[in-house]
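Presented below is the structure to which this report refers.
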Amino acid sequence: MDFSNFNSAEQAHMTKIIEKKQMQDFLKMYANIVEKCFTTCCNDFTSKALSSKEDACVANCTEKWLKHSERVGARFAEFNAEQASQ
Amino acid sequence: MSFLGGRSNANASAVNYDKMEMAVTELDTVTDFFNRMVSSCYTKCVGGRYPADGDLNKGESVCIDKCVAKYNEVQKKVGEKLQSRGAAAQASGAAPGSGSAFGSL
Amino acid sequence: MDFSNFNSAEQAHMTKIIEKKQMQDFLKMYANIVEKCFTTCCNDFTSKALSSKEDACVANCTEKWLKHSERVGARFAEFNAEQASQ
Amino acid sequence: MSFLGGRSNANASAVNYDKMEMAVTELDTVTDFFNRMVSSCYTKCVGGRYPADGDLNKGESVCIDKCVAKYNEVQKKVGEKLQSRGAAAQASGAAPGSGSAFGSL
Amino acid sequence: MDFSNFNSAEQAHMTKIIEKKQMQDFLKMYANIVEKCFTTCCNDFTSKALSSKEDACVANCTEKWLKHSERVGARFAEFNAEQASQ
Amino acid sequence: MSFLGGRSNANASAVNYDKMEMAVTELDTVTDFFNRMVSSCYTKCVGGRYPADGDLNKGESVCIDKCVAKYNEVQKKVGEKLQSRGAAAQASGAAPGSGSAFGSL
């Protein structure tokens, strides 16, 4: 996105809006990871506590999601840069 | 913010809109979390099967109790993990909506 | 959530906002139940009317969802109370 | 609410913002309902399979018509059920977002 | 929905709100079609480019979704008209 | 719109709210698109399986790269298709939220 035609007052507003949205996006990503990793890792409901296997699964699952999300972001940024330069 | 009410009163009943907005964000976050927990535990413990009657049977009830406990555990674990990766991860674009994919000012 | 540090004007605003959100949450739950119980109960599309079997299924499915949602809410409230007292 | 326009005109063209807000909520509700019906009937009648061409075949078309009718029936049934459980259910926390899970003022 | 009890100022506001919502709904439908047709049509990730088979699948899938959505809309409108006349 | 800030300044630093609103809509659209791409590619390339460790393996990494490229291709194709069907389709109710299902003013 190109905000170069925004004046300084508009850029200041936009920065504030974007900061708020980043906070909301972060919270949404958090909720998403919880939901996905719970679904993937937890299938035994005879005990309340996470087993050590489930615990490791949640840690790996979270780490993998973050790395996945970073990689998609990087490829998407490259794609957008290519589009913009054409 | 004027859409939450008046703005000019500076007395004891003045409304702090930033505080209000944070409270609304917190409320939305907890509600979203709760709704996802309800859906996830429904899928794990109740859902899909053709219901024989309108009651939760013993097995389903026990399952739901454990499910809520585990879901809360997972939320804690993931939160700790995100915190330990910290600001670095956010700045490098781990959080959708941030980072270079969306241009910058 | 703790709103004890809110003054009376802020509490009044918050009450109004919460009431609006409860209305929206109720409508969302309504739409959710319809979607889930339709998916679970309706699999024959050779007739327009609900069969008596489908009709009973929708009634039971709705009742079960409500009881499920209440139970999750009760456990979640206990969990939050525990956390707050630690 | 100022984000819907001016507020100070009290003549015949004054805008009743509560009425407007209710209309917007109704519009959002119907839109959400419609979108879920489209998705559900797509899953039941069309979706998933590799499409042979861009047309709905006879079986899919018939299925869609019945699907819309049944979806509306289910919506009515669930609505009646929720109404018969009434305010009691809401107050006791059946509705996510209400009840003790979220604290109170 | 019945807006006949709206005065002209309210109708003007409502028209503007509805126009904005139609834009948002269109963008949401666009994102939905992309998501669904990608899921249905793309299952080989050994190449970056769409194969001719995938390409045809996406075109047919999009066309089918639009026709499906139109048909559901038409039936829903009939249903609402029936309800209103009762 | 007053919720985006002041309104009365008409000098060089005046804020054009329609332009701002369009930018916000564009931002929301790109964010939604990105989030759906992340989820779809996770399902196709990573998800579901019990994770052996916290790293993306070679196969997953390659899959993700192709997946992003294909997802963007599909987005272009669908966009062209929607454009070629044009305003006619929108007016006749192809877009949920428009058309006769929701009444008119």
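Labels A, B, C, D, E and F are assigned to the chains in the order they are written; within every chain, residues are numbered from 1.
Here is the rule we use: contacts are C-beta pairs under 8 Å (C-beta built on N, C-alpha and C of every residue); 3 or more make two chains touch, one makes a residue touch a chain.
Bear in mind that the values here come from a model prediction, so they are computed numbers and not experimental data.
*Asks:* Could you figure out which pair among A-F, D-E or C-D mirrors the A-B interface, over half of its contact pairs being identical by residue number?
*Replies:* Having compared contact pairs by residue number, the answer is C-D.
*Asks:* Tell me which chain's centre, taken as the mean of its C-alpha atoms, is farthest from chain B.
*Replies:* Measuring from the centre of chain B, the most distant chain centre belongs to E.
*Asks:* Would you mind pulling out the distance in Å between where the CA atoms of chain A average out and where those of chain D do?
*Replies:* Whole-Å distance between the two chain centres: 28.
*Asks:* How many angstrom between the C-alpha centroids of chain C and chain B?
*Replies:* Whole-Å distance between the two chain centres: 15.
*Asks:* If you look at chain D, which of its residues touch at least two other chains?
*Replies:* In chain D, the residues touching two or more other chains are 2-3, 27, 30-31, 34-35, 38, 45, 65, 67, 69, 96-97, 101-102.
*Asks:* Would you mind listing the residues of chain E that make contact with two or more other chains?
*Replies:* Residue numbers touching two or more other chains: 1, 3, 6, 14, 18, 21, 25, 28, 41, 59, 62-63, 69, 73, 76.
*Asks:* So in the complex, the part of chain E that touches chain F is made up of which residues?
*Replies:* Those in contact with chain F are residues 1-3, 6, 11, 14-15, 18, 21-31, 33-35, 37-39, 41-43, 45-50, 54-55, 58-59, 62-63, 66, 69-70, 73-74, 76-77, 80.
*Asks:* List the residues on chain F that touch chain E in their complex, please.
*Replies:* 25, 29, 32-33, 36, 40, 43-45, 62-63, 65-67, 69-71, 73-75, 77-79, 81-82, 85, 89-90, 92-103, 105
*Asks:* Please output the residues of chain C touching chain B within their complex, sorted ascending.
*Replies:* These residues of chain C touch chain B: 1, 3, 6-10, 13-14, 17-18, 21, 25, 28, 32, 36, 40-41, 57, 59-65, 67-69, 71-73, 75-76, 79.
*Asks:* For a test of understanding, state which residues of chain B touch chain C in their complex under the given definition.
*Replies:* Those in contact with chain C are residues 4-5, 9, 12-16, 19-20, 23-24, 26-28, 30-31, 34-35, 37-39, 41-42, 45-56, 60-61, 64-65, 67-69, 72.
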